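Below, each structure is written out as structure tokens.
What follows is a pair of complexes built around subunit A, which joins subunit B in one and subunit C in the other.
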Partner chain A sequence: MSDGELRTDGGATTDVRWNLEGVTIEDAALYIVLLLAAAFYLVPIESGLVTSFKTGTAIVETAPFAPPGASGLTFEKWGSAIDALLRGMGNSLLYAVPATVISAFVGSITAYGLTIPTWKKSYKAVVLMLIIAGIFIPYQAVLVPLTQFWSQWVQLGEALSFVWALGIPNDYAGIIELVITHVAYGIPICTLLFRTYYKTMSEEMIESARLDGATLRRVYRRIVLPLSGPMFAVVLIYQFTQIWNDLLFTLVIVSTESSPAAPVVLILAGLGTSLEGQDFALRMAGAFFAALPTLAVYILFGEEFAEGVAA
Partner chain B sequence: MLDFYRRLYRTIRPSLGDDEDAVRTDGGVVNDGAAGSAPEPDRDFRTRVEAALDRHFGSDFIESSIFWLPPFLLMGLFVYGAVIWNLLISLTDYQRFENAPDYSNLDLEMYTRALADSGFVDAAINTLILLVAFTAGTLVVGLLLAILIDRGIRFENTFRTIYLLPMSLSFVVTAQFWLWIYNYNNGIANSVIGTVGLGPVSWLGNQNIVLYAVIFALMWQFSGYAMVVYLAGLRAIPSEHYEAAKVDGASTLKMYWRVIIPQLKGATISAAVVLMVFGMKAFDFLYSLSGGYRPPNGADILATKMVREAYANLNWAYGSAIAIVLFAMALGVIGPYLVYEYRRDNL
Partner chain C sequence: MATLELDSITKTFQDGDEEIVAVDDVSMSIDDGEFLVVVGPSGCGKSTTLRMIAGLETITAGTLSIDDRVVNDVKSQNRNIAMVFQSYALYPHMSVRQNMSFGLEESTDLPDDEINQMVSETGEMLGISELLDRKPTDLSGGQQQRVALGRAIVRDPEVFLMDEPLSNLDAKLRAEMRTELQRLQNNLGVTTVYVTHDQTEAMTMGDRIAILDAGELQQVATPLECYHEPANQFVASFLGEPSMNFFDVTLEGDRLVADVFEYPIDEDVRSDLGDVTDLVLGIRPEAVELVDEAGDHEFETTVDVVEPMGDENTVYLHFDPDADPEHAEALVATIDGFNRVSEGNTVTARIPEDAVHLFDRATGEALHNRSMEDAAEQIDL
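Let's look at the complex of A and B:
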């Protein structure tokens, strides 16, 4: 609070304040700018939302950001969007959830091994640099080998033939490939996030446990893991959003939107395009439906999300 | 889970199996050191190797390797292994429906082909424009938002949540929104500039405009991110600095320009690096805009060109060569950044 007062005072020295029941002109201008900015960020989303409820004629006749009105209101597009995307939603959950959980856990143990135990700093730095650089690799640089790897070297589709015998379409091998791929490329960011957290952990407790003869494994299980809860929340939310939203890997691993294992983003990318032109209401409804899980996560855990992206 | 990694670790690096065993015997050595009066020669050797390694790398090196080494190897295989493999493929003539590249005849043909390909040169230029304009614009907007939000306003959390909201959405989703905004007949963009008597403009159809329209949309999506990074930077500045500037009689503008912004160098650098990398990955957005491998004319970047060459035209080796160029660009940004962070002891 005192912090806040201080900052607003910064402006006060420049000129005399015009007091209107405690609200200064400057303050009013500040809030107007903030509200305009908020409108800028919300309008694309809002106009998408209202458009998704509009009939074809309402789209042409009403302003893009105006509500549809009673005559132009329809839920039909949402119905067809859900029909088209529901299967994809299930598929996306099928790889996004396991990949998120596994990569968060792996990131935690990697960060632990690179932060708490004592070994030579210069070697640690080399390992860390290689890991952190992995966050920034443009995935294009690994795509062709990745395709080779999954199509020629590790042919999960054949290795798991007993699963397909149960009646599951063998396209679902792609889901398993996506899990492994996302875990491998998720390790760097998860490690970095956990490392920033473990660096601030109290050393005394860990050191005294080590002096008592506790192994590193025991220290992790008994001390570090139980204290990692808040960071797990951050990492899980961040990773889930990233994996759910990613198109590139699904495109090269699952490849066609007609596949029974097609994730939601892949179907959405081609939704609403036809020879007659683009059906924007359907596109918007689809976009919102596909974004529901990440929107829900964001609204419920906005703080953790902000922490995840800021690190 | 750990057992799985141990097994994986063994299969990947059988030569290190000895060290791996040493990890577990280590626990025994500590506990029953007195009882183990006559160590077998094998174990004696192991202890010596272990001691030598520990002396060289630090006391917990071997014991901790079980935690970080298997994930590190998995990541290394998928990231660095794949990049090297990609480099190899880019030197072959791999294309079409050949099952695997022929590694016996390596040359730089794909790179010379790229230089002669005007599509590649255009895409490279567009990539640079996108990186510079998008990064700079996003940083400026993010900084302004952070300064405004940091002035002790009410509903701070609400504003922050709204500004960061687009970042939680998929490129595929936001591309749908912007497709609608840039729509020629009914889009908001044209009705906004229509109020001042301009337009209508074919935002996505005009080759000279489309790249900037895309950059604007990307700025919308990521300026919230820059804001969050700057906000963390601003909060780390001690309040005495604000007071000192005030005592000196500096105006608000001067205070930010002279005192506050210079202290945000670290935040600027790390945000810029992340944004540039996001910019290089703008593939998802462009793919969704057009619903296919070919982005709108005039908005082709290396990321889209690479995927199109490899997966639509099946020019695998050529795609790999473009990917290597993209990778080199990324490395040019990340390399200095990592060295900088290491020097600041920030790794």
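Let's look at the complex of A and C:
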């Protein structure tokens, strides 16, 4: 595409260019635009990061994006943020990890059932339609039924009384409720993503496995699942970020930041706000700290993610 | 090893309100250890037939039996069939060894070391021993093809099914694999059904060939029978390259009258025709001779195009020198490569009476085929 490439088709580019050691005006303009765009997107992050290392006076005296300078530098806010958020971090992992993994697996199996085995197309279409419809239900629309469901119909707090007898605070029923709720809400999108991926799998390969004597279950276990790696990366990253960052369900199900089972988002929401005003440095440090796990997941599955997105 | 019996097999697909007949009442039986090639143009139902044998498509009507056991409702994985696909369909995440063991692991209770040994032996037989630890993506097309073959062979199935297994290879490799596949099948003695659209593969590989067109079985016979005694005009035109010459002719007394020539026939040929008068005369290009003398079966023609092939030349001849070469009926002849004719020459072409085929123009059915006396000896071999 670029001008560096040799043209072998014999055609000549007719527009006049201002050549400067191989760098054309177009190239330069492209890079300038790209740099500006990068800066545009990075400045808020950079501002947040430098703010998190500033003392109260430095925040007032320096521009938001300027570094704190020697006198205004402090790590104290990070310390307080970590102290405040650490227990929430544990609670969040407690539901985000299982909910992510379970919804991905259930989505994968559902998608497998909807693509590979042969059953009546008209039935398949109806089941698929119902599942896809699940994607478009806004969270806000289900908040009331959700509360009713967990407080009146399924009372996990009472059902699991033997667990609380072991000394675990019964607030942790909220964590289990969050896992189930997030799995239920994750299945449609996970199914859709996996289905798209399985549609592209070679039919002949699956047929070949069937002829080799493998049952449907074995085909999934030995052929389809091992080949799903890239799509699992996509789904895991997507679902983990969604679930980790979700505030709405945690507000409805766990509700108070003082609860021992309070997830990190709930604590973060109130961090650094008081009657005296906002502690910007603390809020920034908290936000960055709370975002670390999602960043880690991206880095962990980055390579497969790229492959999965390309597919 | 097994016999395979197709009895009035029919497959229809539903497309909206329309019913599409993909395979129409096909019956044939394949002997134990036989190599049957199913051949036909694309869309003729040959792959669907194969997929029904494999159990990948349901059978709409008719019965399919392996060794006298009706298997219509037996699942693919319980039919003890191995199939080689056109795309090879290797499992990309598994090594060659794992690819080949997969079938044995899934369909038998053999211990791992025994499976390993069988895979190694098969690998040796196919000359892919050194590839066993590689992944399919690291292999060339030809190597992948061998692995796909090995995966089928190692399972020692009752029936091999092959769906155009050679069509993704280059011409040279394809010719090599053709010979090798035949040798392998001969040694293993496994009943094989081989689907192809390539008439060279059909002619050279099969013990018998089954020719399908539009879902209907046209003929099942040995390659030479199909070639020399085609059941109908479709079979005659499908086999042979360049394909048979056809001329619409009308029977008038003891003469066949075409637009551009008249061809007298003797009583033997005449008696085969019954009272059908609208006929098609067929003659294979290699049966046409260029001669010096004139006679009843010799025609003066003009050379339009010469295609030198090295050992032989394909020449396109016209009966009427003044005709527009784009539209005039051409007589194609293959002649010796050293026989020098050039475009524009006038030559005498002989259409030998013992080599002509006559078809009913309405039904396409063959009424008279060339004398098999000369070919009979070859068939007996």
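Keep this in mind: the second predicted complex is superposed on the first by the 279 of 311 C-alpha atoms of A that agree within 3 Å, B and C clash if a C-alpha of one lies under 4 Å from a C-alpha of the other, contacts with A are read in each partner's own complex, and residues count from 1 in each chain.
FYI, contacts are C-beta pairs under 8 Å (C-beta built on N, C-alpha and C of every residue); 3 or more make two chains touch, one makes a residue touch a chain.
For clarity, every value in this text was computed on a predicted model and none was experimentally measured.
Of the two partner chains, subunit C is the only one touched by A:I223; subunit B is not.
Put subunit B and subunit C next to each other and count what each touches on subunit A; the higher total goes to B. After overlaying the two complexes on the shared chain, residue contacts for A:T215 are found with subunit B and with subunit C alike.
Looking at the shared chain after the overlay, A:M205 reaches subunit C, while subunit B stays out of its contact range.
Applying the stated touch rule to the two superposed structures, the overlap between the subunit B and subunit C interfaces on subunit A comprises residues 213, 215.
Listing the residues of subunit C that touch subunit A in their complex gives 54-56, 76-79, 81-83, 85-87, 89-93, 102-103, 106-108, 151, 155.
Interface of subunit A with subunit C (complex): residues 202, 204-205, 207-215, 218, 222-223, 226-227.
Subunit B meets subunit A in the complex at residues 1-2, 27, 30-31, 56-61, 63-69, 71-72, 74-83, 85-86, 89, 99-101, 145, 148-153, 157, 159-181, 183, 185-188, 191, 220, 224-225, 228-229, 231-232, 239, 242-243, 246, 249, 251-252, 255, 273-274, 277, 280-281, 283-284, 287-288, 291-292, 302-303, 306-307, 310-311, 316, 319-320, 322-324, 326-327, 330, 333-335, 338, 341-342, 347. Those residues of subunit A that touch subunit B in the shared complex are 3-11, 13-14, 30-31, 33-34, 37-38, 40-45, 47-48, 51, 59-60, 63-65, 105-107, 109-110, 112-114, 116-120, 123, 125, 127-149, 152, 181, 183-185, 187-188, 191, 213, 215-217, 220, 241, 244-248, 251-252, 255, 265, 268-270, 272-273, 278, 280, 283-284, 286-288, 290-291, 294-295, 297-298, 302, 305-306, 309-310.
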